[in-house]
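The next part holds the structures, each set out as structure tokens.
Both complexes below contain chain A, partnered by chain B and then by chain C.
Moving on to the complex of A and B:
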């Protein structure tokens, strides 16, 4: 089932909402659990047991660590115990908990690696050793890349003491499989999300309406802009060697628009569905194309993935003893700047390698991750030089023109990343990049642009859509809360806006011949 | 303590006025790799051990929040 399908929007969601609000508050989380399981079973059938297995492992791990903690507390409060003995007990308890976390990481990431990357590794074995082991027929359960990260974060949070282990398996299961987030996130945290899921919320008209508005906005982004742009993009990247450089350039630009509209639109839809139940889910986008650096872009794009990698990969590596020693050595042997740069470069490598690999079992995804790593490292390394150059040229780094320059520079760098991400192979990406500069012909552009299954009307719709996204982004950057502002208007204006949005979705949405209900782009990761 | 923290901050991230700011993380003034340099300096200066659990925005959004965290860690020792 997909959130854009009629069966979900007209039948599944309304029934779940009705049941949620007519049942007593105490039973409401049960409605969410039952509906999430039904949603998962309808999408994944028998393979639901894989998601259930992950939930069981983290539930048991949580209880085990709680038991270790309780035992430690009991032992340390025993009479006559010395400070040294307390320290020893703490160390023993921590080591035991570390083993539990390690087991969970090995089991769950082992499962993810096997199912998602099994054939990729097999292909590598075949090419290195000249063997011909046939590929395995592996299935990829719905949302495994997302829920595995979320599930593991629960165990690590219990280990760190930032949340307590839950004694109720149903509640842990709901945290893992809550249906709005299961397809492509956001990757929730137990301390922020779980309480909201278990608490029975009262019906709140304003929140409900705001949820509907957000869903409508998300659907417009997806069905008016993304699905339409996707038709052109698919056709261009299918016949990449036949296309002129100008078409390829437009293909990359439209892919960037498509991916943003699709993924952020899906997140609006997900957040909107959450708000219908009174649940606030984490933000995954914060107007990424207003970023002044690639580093900032990744703090505004797929925020929950970046935060996960930061909290569970980057920080633990950076604060490890090995890292502290490396830092101390760098300080001793190099200047202050390199002492700061080298250890960060070391820790960030893992972050970006994993970021790339997480997106898929292909070399191009690893290169995609490492591309951002290289861009960021070069940015850090040359930062002092940039400062000197801009100072020498008397450029005010806080001026508006410099801000615009930085935003455009970031946008171009991100588009290059998008090309690596979308091209079928690295060779295709390289070819397209070269062709954009060497095979650029305006005449061919004019004669061939309509041969990619999009009418001129479609390009106009996409362009208007992109401008609308930009204007909304500018207003939000300036501190406007558009949904609140609409809610304050009188009933005539308010409903005119709602109906206009619905009208746009129905009339301009990408339906009918040549269109189909497309899968969410990020669901494949 | 606040004065020393300000000194360290201006070494880690020169050219920023940290005084009175309460949104250093939320506004993206301090990125994650700045935090790592900062933690290393704070650990050395105040002889504390800032752990992963302490690396939350609430502890680094302002100089006062950092001072509060360090005092808590000193008391825990």
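Moving on to the complex of A and C:
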């Protein structure tokens, strides 16, 4: 089931909302759990047991760790126990908890690796050893890449003491499978989300209306801009070797717009749905194309994935004893700069390798992740040099023109990443990149642009849509809260805006005859 | 308390007003966006399938409903020429069974056919992924479930588009004309081919000639499709027409697994079923000449043979009248002449 389909919008969601608000507050979380399970079963059938299995493992792990903690506390408070013994008990308890976390990580990531990457690794084995092991018939359960990260984060948070183990299995299960977030995230954290899911929210008219508005905005982004741009992008990348460099350049730019509009639009939909139930979910986008560096871009794009990798991969590695020692040695031998740089460089390598691999079982995704790693490392390494150069040229690094330069530079670097991400193979990406510079012919562009199944009016719609996204972005960057500001206007202005948005969606939306309901792009990862 | 009551009433009124304005917009929009004439220039891409509005009322004996397999396999004017029965193909590219149902419902408003034939490829190919016998049971069940959701979704799409044509024709926004704001819809334009889409292209089918070889597996029919098959049968019963299922020769799309599914359904519901795939030799279908796209569809030569065979079946099973000598049907003779000329021209 897709959030933009009729079955969801005019059947599933209204029924769930109605049940949620007519039942007593105490039972409301039950509605969310039941509807989430139905949503999941309808999408994954018998394979729902895989998600259930994950939920059971993290639930049991949470309880086990809680038990270890309780035992430790009991033993610690026993009479006549020495400091040394307490230390030993703590060490024992920590080791036991570590074992539990390790088991959970192995089980759940093992499952993810097998189902998502099984055939990828098998292919590698075949090509290395010259074997001919046939590919496995594997099915990827809905949202496994997202809910696995979310589930593992719960266990680590319990281990760290960020949250307490939940004794209610239903609550843990709901945290894992809450239907709005199951397709594309955001990857929630137990301490921020679980309580909200469990608490029965009263109907809040203003919040409900804001949720609907956010959903409308998300649908416009997806159906007016992304799905339309997607038609051109698919056709260009299908016939990459026939296309002129100018067409390929436009294809890459439109893919960047498509992916942003699709993914951020889906997140608006998800957040909007959450708000209908009175639930606030984590932000996943914060106007990424206003970033002045690739580093910043990744703090604004798919925020919850970045935060997960930071909290559960980067910090544990960079703050580990091994890296602390390495840093100390580097400080002695190479100075302050490298002492700081080396642990980060090592830890970030894992972060970006995993980030790339998380997106898919293909070499191009690993290269995609490592591309950002290289760009960031080069940025860090050459930062002192850049400062020197700009100072020598008397360039004010805080001036507006320099900001614009940085934003454009980041945008171009991101587009290069998008090319790797979208091309069918690395060879295709390399060809397209070369063709953009060596096979660029404006005349061919003019004559062939309409042969990619998009009418000139569609290009105009995409262009207007992109400008609208930009203007909204600028206003939000300046601190405007558009929905609140619209809500303060008189009814004529307010309704004019709402109706205009609805008309745009109904009339210009890429749906119905001639269009296929496209899956959300990030749902495949 | 009074204040909060007032606020609630105010909010409910606002919501109702908003919905009323939106409904009015959908209604006005539908009036504007619906194609005003039955032609591509006016935005009616499927003008051939809709052209039954251009036929004399109550003049059609047989109607064939279905997707491209229907409108490329069955030629009403060939049936006319050989048997004198009047027929029409209510088809559309990739027509969903739900669309076929509503088209038939509309057809009954103007015509009283004695026989309604549903081309069965649409039962399996209207949406969703194909279920293959080689898949594991779990995978088959998952695809079946996913197709079922798609089926319900397709039903909602078709029903909402039926209620509000703006949702179907909104893509005309860039080609609206002044007439769209002034004219009332008029689909009475007469088309010669009666829903048949003529193609004389030859792209031979070189695959397995024995594509109907028996299989242990039976392709499951989606519940949504079963439901619409039942609805079609009920509609036919209500209008006094006999409902028949027909599978056209389609080596790329048809097989024993599908045949058995339809046969079982037909037998269970006491519906006549004709699978012409079982009579390829009798029809003298030559796969090196009779397909326009390597076995996915028939061309005009294949359609001629298939129609002739269906005509014989109709003669054997129903009491249909030969109208060839009837002056009231003289237009059919004229149409056949135009049709023949067109075929000659294509050669």
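Convention: the second predicted complex is superposed on the first by the 524 of 525 C-alpha atoms of A that agree within 3 Å, B and C clash if a C-alpha of one lies under 4 Å from a C-alpha of the other, contacts with A are read in each partner's own complex, and residues count from 1 in each chain.
As a working rule, contacts are C-beta pairs under 8 Å (C-beta built on N, C-alpha and C of every residue); 3 or more make two chains touch, one makes a residue touch a chain.
Just so it is clear, the model here is predicted, and its values are computed rather than measured.
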Point to revise | chain C versus chain B on the shared chain A, clash or fit after superposition | key: fit
Check your understanding: Regarding the shared-chain residue A:43, is it in contact with chain B (first), chain C (second), both, or neither?
Key -> second
Check your understanding: Once the shared chain is lined up, is A:495 touching chain B (first), chain C (second), both, or neither of them?
Key -> second
Practice item. Name the chain, either chain B or chain C, that contacts more residues of chain A. Key: C
Exercise for review: Based on the superposed arrangement, let me know which partner A:507 touches: chain B (first), chain C (second), both, or neither?
Suggested key: second
Practice item. Could you look at A:10 and tell me whether it touches chain B, chain C, both or neither (first, second, both, neither)? Key: second
Point to revise | Superposed model, angle subtended at chain A by chain C and chain B (C-alpha, nearest 10 degrees) | key: 170
Review point. If you stack the two complexes on chain A, which partner ends up touching A:162: first (chain B), second (chain C), both, or neither?
Key: first
Exercise for review: Give one of first, second, both or neither to describe whether A:327 is in contact with chain B, with chain C, with both, or with none.
Suggested key: first
Check your understanding: Taking the superposition as given, does A:443 touch the first partner, chain B, the second, chain C, both, or neither?
Key -> neither
Check your understanding: Which value, in Å, gives the least CA distance between chain B and chain C in the superposed three-chain arrangement?
Key -> 38
Review point. Where on chain A does chain C make contact in their complex?
Key: 1, 5-7, 10-11, 42-47, 137, 139, 205, 455, 457, 495, 498-499, 502-503, 506-509, 512-515, 517
Check your understanding: Hey, which residues of chain C end up touching chain A in the complex?
Key -> 11, 18, 21-22, 25-26, 29, 45, 135-136, 138-139, 141-142, 145-146, 149, 152-153, 156-157, 160-161, 166-171, 173-174
Check your understanding: Hey, which residues of chain A end up touching chain B in the complex?
Key -> 160-162, 295-296, 299, 310-311, 314-316, 318-319, 324, 327, 336, 340, 343-344, 347-348, 380
Check your understanding: Across the complex, what residues on chain B touch chain A?
Key -> 11-12, 28, 31-33, 36-37, 39-40, 50-53, 55
